[in-house]
Amino acid sequence: MLKSIAVLTSGGDSPGMNAAARAVVRTALYEGVKVWGIRGGYHGLLEEDMFEMKSRDVSDIIQRGGTFLGTARCKRWKTPEGRMMGYKHLTDRGIEGLCVIGGDGSLRGASLLSKETGIPIVGLPGTIDNDVWGSDYTIGCDTAANTIIDAINKLRDTASAHRRVIVLEVMGRNCGWLALVSGISGGAEYILVPEEEYNLDEICDNMTEAYKKGKRYILVVVAEGAGSGQEIGQYIAEKTQLDTRVSVLGHIQRGGSPSVIDRVRASQLGEQAALALISGLSDIVFGYSKGRVVSIDLHDAVNNKKILDPDYLHLAKVLF
Amino acid sequence: MLKSIAVLTSGGDSPGMNAAARAVVRTALYEGVKVWGIRGGYHGLLEEDMFEMKSRDVSDIIQRGGTFLGTARCKRWKTPEGRMMGYKHLTDRGIEGLCVIGGDGSLRGASLLSKETGIPIVGLPGTIDNDVWGSDYTIGCDTAANTIIDAINKLRDTASAHRRVIVLEVMGRNCGWLALVSGISGGAEYILVPEEEYNLDEICDNMTEAYKKGKRYILVVVAEGAGSGQEIGQYIAEKTQLDTRVSVLGHIQRGGSPSVIDRVRASQLGEQAALALISGLSDIVFGYSKGRVVSIDLHDAVNNKKILDPDYLHLAKVLF
Amino acid sequence: MLKSIAVLTSGGDSPGMNAAARAVVRTALYEGVKVWGIRGGYHGLLEEDMFEMKSRDVSDIIQRGGTFLGTARCKRWKTPEGRMMGYKHLTDRGIEGLCVIGGDGSLRGASLLSKETGIPIVGLPGTIDNDVWGSDYTIGCDTAANTIIDAINKLRDTASAHRRVIVLEVMGRNCGWLALVSGISGGAEYILVPEEEYNLDEICDNMTEAYKKGKRYILVVVAEGAGSGQEIGQYIAEKTQLDTRVSVLGHIQRGGSPSVIDRVRASQLGEQAALALISGLSDIVFGYSKGRVVSIDLHDAVNNKKILDPDYLHLAKVLF
Amino acid sequence: MLKSIAVLTSGGDSPGMNAAARAVVRTALYEGVKVWGIRGGYHGLLEEDMFEMKSRDVSDIIQRGGTFLGTARCKRWKTPEGRMMGYKHLTDRGIEGLCVIGGDGSLRGASLLSKETGIPIVGLPGTIDNDVWGSDYTIGCDTAANTIIDAINKLRDTASAHRRVIVLEVMGRNCGWLALVSGISGGAEYILVPEEEYNLDEICDNMTEAYKKGKRYILVVVAEGAGSGQEIGQYIAEKTQLDTRVSVLGHIQRGGSPSVIDRVRASQLGEQAALALISGLSDIVFGYSKGRVVSIDLHDAVNNKKILDPDYLHLAKVLF
C-alpha cells in the first residue's frame, strides 16, 4: 500500500475537476495516506510547485468551476528528460503514485511517465468533450451541455422574434457528443457532428420548404469538428436567403459551477482513483459505464476512438 | 400493431414530463400511428378532455417545466366504475393503448385499468423523487437536484457570513435520493434520509466541536421523510446554542426548465414507450438502469420498494 | 380621447418588450379603449397581420424573452408610399394612435409616419444598447448586462485555471454602455468603448507587467464599436505572448427571461405610453431618467447622440 | 483629510456588500489612504479581529454573495462601554474614520458611536429590504428580487400543471418593496404588503370567480410583515376549497451572486463613502435617489420610515 500520493489537473479545464481532486484528497486522508497537490499541471511538477494537502485545503471548492490546482501547457513534458525530472521531484518527496485528471493528451503523457519510470499512475477523464474511450462520461460534459442549452434558450427567444435561422457552433473537435446531446435537448432542427456525413444543400432545401410552411425559426447545432459555424451560416444565408445568425460559444462552455451529475460522478471517480492508486494499481483510467464506475486500461483509453451512441443519432431523427 | 394511442400525465408534475410526452407523440406520428393527448390526467379522461395531436402541438415545449397536458387529482378513478368509464372514452375514439407518465400512485391506477379492461398500458416514471423500483432514474430528478444545489449555493453565502447552521428540508417522503445526491453535491456536513438511522444528539456534539475548531458554517440536508426541518433546526439551536436557520424548499423543487439529462432521458423513455405500446406490449414501465433504457414489469415497479444506493451513502461519509 | 390604439415591436428584439406590450394592452383595456396588436413590426402592418387584443392575449408573457408580437425588417416602410399604406390599414380599422416599441431606427420610422399623416405616435425605447438620448435606460439593457456577467463568471473559471487573457466582445455599435457596466460588474481589467480612445500597446505593456507580478488572469471587455474582439485578441497574443482567448457573445445577449428591472420599468413605460397616447399626445418617447418615467420629444430622441456617463468611466479607473 | 479608515459589514448580509467593501478599499488606496477591514462586524471590532488591507485582498470578490468580512450579532455594542472599547481599538491603530455597511439597526449603532466619541462615521445601506429612508435603493435588493422571480418561474410551472393557488412568502418585515416589485414582475394576481390593508374574504371570492372563468392558476405574494404565508394559505384553502400550496423562501433571498445593478451601485456608493469619509465628513449615509448617488443625514435615515412608492401600488392594480 502506498504511503504518499499526488494529484494534478492538466489540459483544458472542465467543471468538476475540483470535485474530483477534492475526492482524491479526502479519500487519501480518510485512508491515512499523505496527499500532495501539484499546481499548474506537468509544468508545475517540473517547477516543483507542490504542497502537502489537508482536508480544509479542499473546503468550499466542490461548487467552483475551473481547477483550483491550475493547469498549463508544458513542452518539456513531451521529452523523456522532462518526465524523468518530474519523476525525481515526486520521489524526492516520497510520493509513490500520481493521479492525473485531464483529457486525452494529458493521459497520454501520464502513460509515458508510467512506462518509463514504473511509478503507479491512475487517470481520470477530465474534459467536457466526452470523448474518452471506454467511458460513457467525462468530468464536465454534463455542465457544458447544460451551459449550451441555456444559450439555446436565449437564442430561441430572438430567433423566434425574427423568424431567423440560428447556427450555433459548440465544442467537440473529434467528437459530436456535446452537439448531439445539446441539440436533442434544445430541440435543434439540424445537428452536425464529425461522425456523420451531411449534405448542406439538402438541408438548405428543407429549410426553405419549412419556412414556406410557416416554421417560425430553425436551429442548427454544429460541433466544431463538423465545420466552421461561420462558414456554414454564410452558406445557408446565401443559398436560402433566410435571415441567418451565427453564434460561437467558445470558452464559456468550459466554465460554470458544476452540475449535480458532474459533482457526484467526479467525486465517485476521485474516490475510486485514490483507492486504486493507494492499493498499488497503475495504468488505469476510471470512467463511468453501464451506470457505474469502471476501470479502463490506460493504454486502451488513449489509443482507441470512442464511437457516438447510435441510439442518440436515431433519436435526433425521430424527434424532429 | 396498434393504430391509435393516447398519452396523459398524472400525479405531481416533474420537469421533463413535456419532453417525454413530446417523444411519445413524435414517435407515434413517425410510425404512422394516431396519438391523442388527454388533459388533466385521469380526471380529464373521465371528462373527455382530449384531442388528437399533431407534431406542432408539441413544438417549443421540450424546454418547459410542468406539463402542458396538465394533471389533477381524481377520486372517481379509484373506483372500478370510474375506470370503466375511462376505458369507454378511449374505445369510443378508437384508442387502443394508453401511455401514463407519473409517479407511484399514477402507475398503480394504470395497472388496475389494464387488469380490468385488458387495454394495453405502458408507464413512464415521472417524479422528482427517484423512488421507482427497477430504475436508477425517474423523469425530473436531475433538475430537482440541480435546483436544490442552486439553493444551497445561496444559503452558503449567508451561512458563511454569519457562521450559521443551516438546515435545508428537501422533498422525499419515502426516499432519500434527492437529499443524498444534493447533499453530496452541495458539500453538506450532515445528510438525513429516511433509510438511515441518525442520532441528533451526537450530531449536535460534533457540531459544537467543529465550531470550536473554527468551522465557518454547517449545512444539514434533511429529506422530509427523515423528519421536519423546522423541528430538527429547533432542536439543534437549543442543544448547541449555535445560530441556526431553517429553509424548506417546497414546490420550487418541482419546477424549472429541465436539465439536459432530464430532457434526453425523458425523450428516450418516451420513444421506447411509444414503440412498445404500438407493438402491443402492455403492463411495463420504462426506466433507466445500468446506463440504458430498460423495461420493468409494471406490477413489480409498483409493489417493490427501491433501496438507496449504498455507494452514495458511503461516499457521503468519506468526503466530509 | 382616442377610442382605439395599436402596438407593435420593431427592430432587434430585447428582453422586456413583452412586458411593455402587455402594459400597453392592459392599460388601454383598463381605460376602456380598444387595442390592436400588430405582428412582425411595420412589415406586419403593411401585410395587415393584426388583431384586436384581449387581456388574456398577454397572459403568461411577462417572463418571456423575445417579443410575442414578432418583428421583421421592412424596406417598403422606408418609402412614403409604404407608410401611407400602413396609415390606411390603421384607419380602416378605426385605429387612432400607434405605440412603437423599438430602437433608434424604428422610432425614426415612426416619426416619419406621424409627420406625414398626423396620426398620434408614442414610442418606447426597446433595445439592449441603452443608447437612446434623453433616457438613462432602454428596455432590455439590464437583462443583457446580467447575461454578460454570467458569461464573465464562466470565462473567469477557465481563465484563472490557465492564467489566460480573455477578450470578450459584447454588443454596442455606437455606445459603450453595456461594455462599461458589465466590465465594472465583472471586474474587468480593461474596458474598451467607442466613446474613448485607447492605446493597445500601452495596455499590452501593462499586461506583461501584471503577469510578472503574479496576476492570475486578465479580462478585457470590448464593445463591438470599439474594435473587433478577434483582432484585438490576436494583437495582444502576438505582442505579449500571453495565452489569449477570444469570446464573442453575439445574439445570446438579446435573449433570456427579463430581469426584475426590465419587467418593472417596461411595465411602467408601457402604462405611461398608453395613457399618453389615449389622451391624444403624440411625438414623444417615454424613457427613464433621474429615477422616474420621463417623456422625451421624439424628434430630439432620434436626432441626438447619448453620452456615456462620465461617473462610470471614472469608477472603472478607480476600482482596478 | 483622514490618513486611515476602516470598514465593516454588520447585520443581515446582502448581495453586493462585497462590491461595496471592495470599492471602499480600492478608493482609499487610490487616494493614498490606509484602510482596515474588520471581520465579524461590531463583534470583531471588540475582539480586535482586523487587518490592514491591500488591493489584492478584495480581488475576485465582486461576484460573490454574502460578505467576505463576515458579520455577527453583538450585544456588547449596545452598551456605551462596548462602543467606547470599539473606539479605543480604532484609535489604537490610528484609524480616524469608520464606514459601516448594514441595515437599519447597524446604522443606528454607528450613529451612537459617532455621537459619543466624535469619530467620523459614514454608512451604506446594506439590506435586501430596500427600507432605508431617503434612498430608493439598498444594496442587495435587486438581486433578492431577481431570486424571487426565479422562484416564481418555477412555482408557476407546477401551479399551472395542477390549477393551483400558490402563496409565496417573501422577506420584508416593515416594508413591502420586495413583495411589490417581485409580484409585479412575476405577474402575481395578489400582492399583500404591510403598508396596505387587504380583505382576505374578498380576495377568496375573487379567486373562486376567476377559477370558474377558466383561470389556470393564481399567485399570491406576501411580505412577511403582512401576514404568515402559512396561515394565509390555510385560510384560502379552507374558504375556497381550491388546491393551495405555500412556499416560504427564507434565507435563500439573502444569497447569490449579485446582479449588475447591485454590483455597480454598491461600487458607486462605496466610492462616495470612502471619499466623503476621507474628506472628514461624518454622520451621513449614501443612498441612491432620482437616478444618482445622494447623501442622507444619518439621523434622518434611521429615524424616518420609508413609504412605498404609490406608483408601484397603482401599477400592480392596472396590470392584473
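Each chain gets a letter, A, B, C and D, in the order it is written, and its residues are counted from 1.
Convention: a contact is a pair of C-beta atoms (placed from the backbone, for glycine too) under 8 Å apart; a residue touches a chain by one contact, two chains touch by 3 or more.
Keep in mind that this is a model prediction, so the values were computed, not measured.
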Which chain has its C-alpha centroid farthest away from the centroid of chain C? B
Please compute the C-alpha centroid of chain C, do the same for chain D, then give the distance between them in whole Å. 28
Dist(centroid_CA(chain A), centroid_CA(chain C)) in Å evaluates to 36
Calculate how many whole Å lie between the centre of chain A and the centre of chain D, each centre taken as the average of the chain's C-alpha atoms. 40
For chain C, residues contacting two or more additional chains: 153, 156
Line, ring, star, complete or other: which one describes how these chains touch? ring
If we use the touch criterion from the header, which chain pairs count as touching? A-B, A-C, B-D, C-D
In the complex with chain D, residue positions of chain B that touch it: 9, 12-13, 15, 64-67, 70-73, 147, 151, 153-163, 166, 243, 245-248, 250-252, 254-256
Write out the stretch or stretches of chain D touching chain C in their complex. 22-23, 26-27, 30, 59-60, 62-63, 136, 142, 145-146, 149, 152-153, 156, 181-182, 184-187, 257, 259-261, 263-264, 267-268, 271, 289-292, 311-312, 315, 318-320
